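What follows is chain A paired twice: with chain B in the first complex and chain C in the second.
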Partner chain A sequence: MSEQRALSRRRLLASVAALPILAATADGRSISGHLPWSPFAGEPPKPVSPLGWYFFTPGEIAAVEAIVNRLIPADSLSPGGKDCGCAVYIDRQLAGDFGQAQRLYNKGPFMPGLATQGYQGDLTPAGRYRLGLRALNDYTMATYKRGFAQLAPAQQDAVLAGMDGGKIALKLKPGFSTKEFFEMMLQNTMEGFFADPLYGGNRNMASWKMIGFPGARYDYRDHIDKHNVPYPRPPVSIYSAEG
Partner chain B sequence: MAKLLPKRDAVIIGLGWTGSILAQQLTDAGLNVVAIERGPWRDTATDFNIAYMQDELRYAIRKELFLKPSVEAMTMRNTRSQTAMPMRDYGSFLPGDGVGGAGVHWNGHTWRFWSSDFSIHSHLAQRYGAAKMKGLMLQDWGVTWNEIEPSFDKFEYLCGISGKAGNLKGQIVPGGNPFESARSRDYPTPPMKMSYAPTLFAQKVREQGFHPFPTPSANLSTAYVNPLGVRMGQCTYCGFCERFACGNYSKASAQTTILPVLMKKPNFELRTECEVLKVNLSPDGRHAKSVTYIDAKGVEYEQPGDIVVICAYALMNVRMMLLSKIGTQYDPVTGQGTVGRNYCYQTGSGARMFFEGKHFNPFIGAGTLGQTMDDFNGDAFDHGPLDFVGGGGINCIVTNGRPISNRPTAPGSPRWGQGWKKATVEGYNSSMGFSAQGSSYPVRENYLDLDPTYTDRHGRPLLRVTFDFPDNDIRMSHFMSDQLEKIAKPFGAKITTVSRIKKGWDAVPYQSTHNTGGAVMGSDPRTSAVNKYLQSWDVPNVFVVGASAFAHNAGMNPTGTVGALAFWAAEAITTKYIKSPGALVPA
Partner chain C sequence: MKRIFLAIAFAAVSTAASAADVGAGRYQSVLGDCEGCHGKNLAGGVELMTPFGKLVAPNITQDKDTGIGNYTAEDFRRAMKEGIAPGGKRLYPAMPYPAYARMSDADIAALWAYFRTIKPVRHVVDVNQLRFPFNLRFMMRGWNMLFFRPAPYVPDASKSAAWNRGAYIATGPAHCGTCHTSKSFFGADTGLALSGALLQGWFAPDLTGDRDAGLGGWSARDVVEYLKTGRNGHSIASGPMAEVVEHSTANMKGADLQAVAVYLKDLPPSAGNGGGASGVEAQMKSGAGIYRMNCAACHSFNGRGDSVLFPPLAGNALVRQAGAQTLVRVVLAGSKAVATPAAPTGPGMPSFAWKLNDEQVANVLTYIRNNWGNRAPAVSADEVAKIRARHGS
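Coming up: the complex of A and B.
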């Protein structure tokens, strides 16, 4: 994406240079006398490849697949989180800008804050997953002598409920609580389940079909007046009508 | 050493809504104008592509179009006794970034603050006595309704706002908002079509004797050509509006209303990806000589100008003043100083109703698709027997059914697992909500200053926000929650939930990007940073335009009033200031 952006900037500069500019300007991003436009300036999203793993280690993959399958279990309403691609989605997110906290304020000093001040730790999301999954494995090994993925579904649910409800404290680090780790996994799993399939989750638009969300459609003028009438068309995603 | 550039008549900091309006009006008056914008160039055809704008993860969750905290963060705390910490990610509010600013991804609710807002102190003192405002720093704005009304009209016609007048030159018009102040003419376009939820809301509250009306919308009900000759398209109710840019030319923004004309003018130049570091003053601090900015390559430039117009986001306007030492920092202990004073926010609560046998299609939406009732807003109702002042608009707006963030479940439902799934399927299409957008009134302890510890990427101090919901506003908001409960009863829902605000403003969950004040307008230089024309009392060739000028925040979205103030300030510059540069109001 950044390459394409750089290219479009070069094109933009070339087009600016060809036009009369009123005053001598200091920098190449000056725009005057016209509405700038250049072909291919947009940045369409890049669909992730479904193959392989970019961030998680084999042990982490098994745990995360098991976790997303308990947060979103398979039933008559939809396939489970794993088959919907939620683990792949989280893997790709952690390998990218999100995992590295690219857009966040990352300057110190790092000090404990109030609940109203939000996360104040120095770990990136990728770092939080790495630490959290290791601590989760330590916990289940110590308690059940097995990794999370090897536990029975009822045991897995009990561990997740304990993390959610503050009854289990994993060995993490100050400024990063077990509850925060759980909330992060829950949020990211739901993102994977409900986001456009191009990000690796929501395979076959399973979640959209489940709730009746038509996806990336952009014109409902034919239905706005039809009150209390279900929308008749199936969902579409950005790249495909089939998801 | 910064490279010195040729002088311009006017330098505008930031090319969002206010910067674009100022640039358009000042260039029309023949001034040679340069705008310096920190973020990138953005336009509909290239950056707001209709083929992939419907991407909730990219734009709403990862917030691609918003200001990144890595570029500029802020610190926050609830009280002075706490240590402010940086908002490492923006949550409670989401400032904009780049050309068009927050006007790119706003929802489009376009209100006019009322006559009784502009003269709030006089109005409340006359009706209830000044003691009613005890503990609040409410003050008149220095501009009157009759002065500012034509500027509201200009902004509405620039945008093509879709709505229905309720008070035409003093005549109450059925179907409009009977509580609005008198307007000189109707909205430029008719109201949007209504989906099921707002239609039901209007019917149910009308039966209860209230006065619902279509929320004035910058998502247009029909195609429109504005006075500049710029053409806009009809909204398609796609439900990707707030947090997104419109790919359909249907939502008013600088891009869809001004830039196609402004950018072609020979006496206008825009520099993007250039961040203004400060405004440079003369040695006596009474005159702005230039601004210093840094470009994307890290090179510094000095751009001289006869007039400097600060048109960044409200909070950034205040920070720019403080970094440049324009005016004096407000001190909450002594009450002295004006910059940072009267910081206000918004005080919200909401109701959600879960039905059996109703189907709402929540994804058919638009930023401003809905109905409002103002029966409990501002001073539309008698506060005599009540222990607060202020109120809120009650809005039933269907902005989106985007499922990562908007999938309501009945109270008590599990948050994951099989039970969660069932509750999600049940709640998604069969629930609707409405909410109260409450006013926020100034108190001594809510203010803005520079943080003593945390700095931005250039080493400049971050802005520090000290804020909690004042007791008056908590009482007001609880009253509003009570009204929501009463109003919801006749809907006959299976389950109704109503939220109630509590002390301890939380910077994490999204609440509202309606941050106001800090550089407020007024008629007294001891209690306002800018005069009624948004001109700095201290440095008369500096104008500071935006919601930073609001002396309080009403129970309405701010953009309509921000747009009006931009036209108002531009008119003062072009008709008064350039003829006779200097203070337009004697200090």
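Coming up: the complex of A and C.
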């Protein structure tokens, strides 16, 4: 015991001694005179390919397309979530950094958090979709003897409303509730609907046309004095060269 | 005792004299922008891509083995004014000895006095990386015979003292024509002096009084402000001129800048830029949409830019040069303006290579070059493609 303590103290001292050195190297870059600049610099977002699937399995595709179509049904305002590419958007996100929680700390210890702190467990977003969609399929097969995609729209709405309202409990994992799964899908569907088309959703800028958002423009000085006159130009994507 | 006094007095006088020389010589190196090619410590290494291959600026510190520490004052004068190094070695005119030939011997001697105080740096430079047969130095003997007309600067008595001082600086030590005067197939000056030229993938603009492409729209005060601070209400120095401003013109004396401005403003207009584009309605229409999306936020819808931060494109001579190479390069690669003590911001322009294809770059540049009263030849997608391939993206 005492030997162990001596060891840890020695290690502590060594690490404290190393600290200034590490801090110095971490803090060593100072900029003066010239700001750094290099030609052809830029890390533009890469437009996703609209073809094929990168994460979802065929069964999952059918379910997710049905879900986004119920969350954003086709009506006089806009096409449905599926035709707007929301499922494609979610697929690309789950296949990329977001799906792997690249920018989040996701090692233990895993403790229950507050509702405001979001998901605290060990599953990545990709893992949560995989688990959630399997549990949803198990639920609809047990209840209706069909997958979610094969249910009538009213039945689909009832299932989604049950997940949202706490009436349906899918077999997920402790710390990952059915309501959380529903809210995650709703959040990602809205992102797919409203995000720049380069990410795979918001096809033909349908949502931006719906709400009158002119898109990735950044200068309205030629219009700013025209009060009560709608902005006349159509929306543009980050990748639109002309507008 | 008396002798010691005398010795001290003599030493003090001679030190004072050489200190004055050294100061004057340091200023000559500012005028000549030696650092621009030979590097901050003058130990060489800056690469010059010429049409004949690559030249690397040599070490000109006082190091005896790898620099010019073995030169005598006369050796130095000859290299500067005749392009011949000790041992009869011919220099290439990338070292602007055709311009330095106009410098006075007194200025060259002062520069040498300053060079003698330069810290020796041991640095071997592989200077001559030209292609065969240009790498054969003796060939320069023939070149000199054909094209080199060494002549000291002769003041023009019909002009003011300021004009003559400006002409001496611009055509002598500051060697403006090395970039701004077009070169023949043989790399010799050709055409009207300072009427603009393509060099190392940049188009060095027309400095004559032409109203479209030259400095016809600039006042002498504009010229001084540009050279001193790197920017004025018309333009911002970027690319190679940013380095010239930083190392050289920003450090020139006010009276000398004024003199250069007087001289440049008196240059007769060039033949112009070739006139405006015609039959390019489709390019202009597409260009307007591209301009709105990508350029207007900084350069503004009316092309007037924003004060000294975002240069105007309307009435900007740089936009109306005969050759659009610099513009294409700036749009593709982006650009970083010079930062000087008087204007330390150094605004930058982002790269558009990722967003605009060759045709779109050509369209927006044709639009900019022929809108708001600008008139200049159209830009083609082929031209953009070549520049993109050459400079990478």
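The rule is simple: the second predicted complex is superposed on the first by the 205 of 243 C-alpha atoms of A that agree within 3 Å, B and C clash if a C-alpha of one lies under 4 Å from a C-alpha of the other, contacts with A are read in each partner's own complex, and residues count from 1 in each chain.
By our rule, a residue touches a chain if its C-beta (ideal position, glycine included) is under 8 Å from a C-beta of that chain, and two chains touch if they have at least 3 such contacts.
All values derive from a computational prediction rather than experimental measurement.
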I'd like to know which partner A:62 touches here: chain B for first, chain C for second, both or neither.
neither
Kindly classify A:184 by the partners it touches after superposition: chain B alone (first), chain C alone (second), both, or neither?
neither
Which partner reaches more residues of chain A, chain B or chain C?
B
Look at A:95 in the shared chain and tell me whether it touches chain B only, chain C only, both, or neither; answer first, second, both or neither.
neither
In the overlaid three-chain picture, which partner chain does A:114 touch, first (chain B) or second (chain C), both, or neither?
first
Just chain B (first), just chain C (second), both, or neither: which does A:217 touch?
both
Examine A:105 and indicate which partner it touches, taking first as chain B and second as chain C; both and neither are also allowed.
first
First (chain B), second (chain C), both or neither touched by A:42:
both
Same chain A residues contacting chain B and chain C, which ones?
33-35, 37, 41-42, 44, 217-219, 221
Chain A-touching residues of chain C, taken from the complex the two chains share:
286, 289-290, 292-294, 296-297, 300-301, 332-334, 336, 339, 346, 348, 350-351, 353-357, 360, 391-393
Can you check the complex and tell me which residues of chain B touch chain A?
3, 5-6, 41, 43, 45-47, 49-58, 61-63, 68-70, 73, 76-78, 82-89, 91, 193-196, 199, 234, 236-240, 247-248, 259-260, 263-274, 295-297, 299, 301, 358-361, 363-364, 401-404, 407, 415-418, 421-422, 424-425, 428-429, 453-455, 504-508
The residues of chain A that touch chain C in their complex are 33-35, 37, 39-42, 44, 217-219, 221-222, 236, 239-243
Tell me, which parts of chain A touch chain B in their complex?
12, 21-27, 29-38, 41-45, 70-73, 75, 77-78, 97-98, 102-107, 109, 111, 113-120, 157, 160, 164, 186, 189-191, 194-196, 199, 207-208, 210-221, 223-225, 227-231, 238
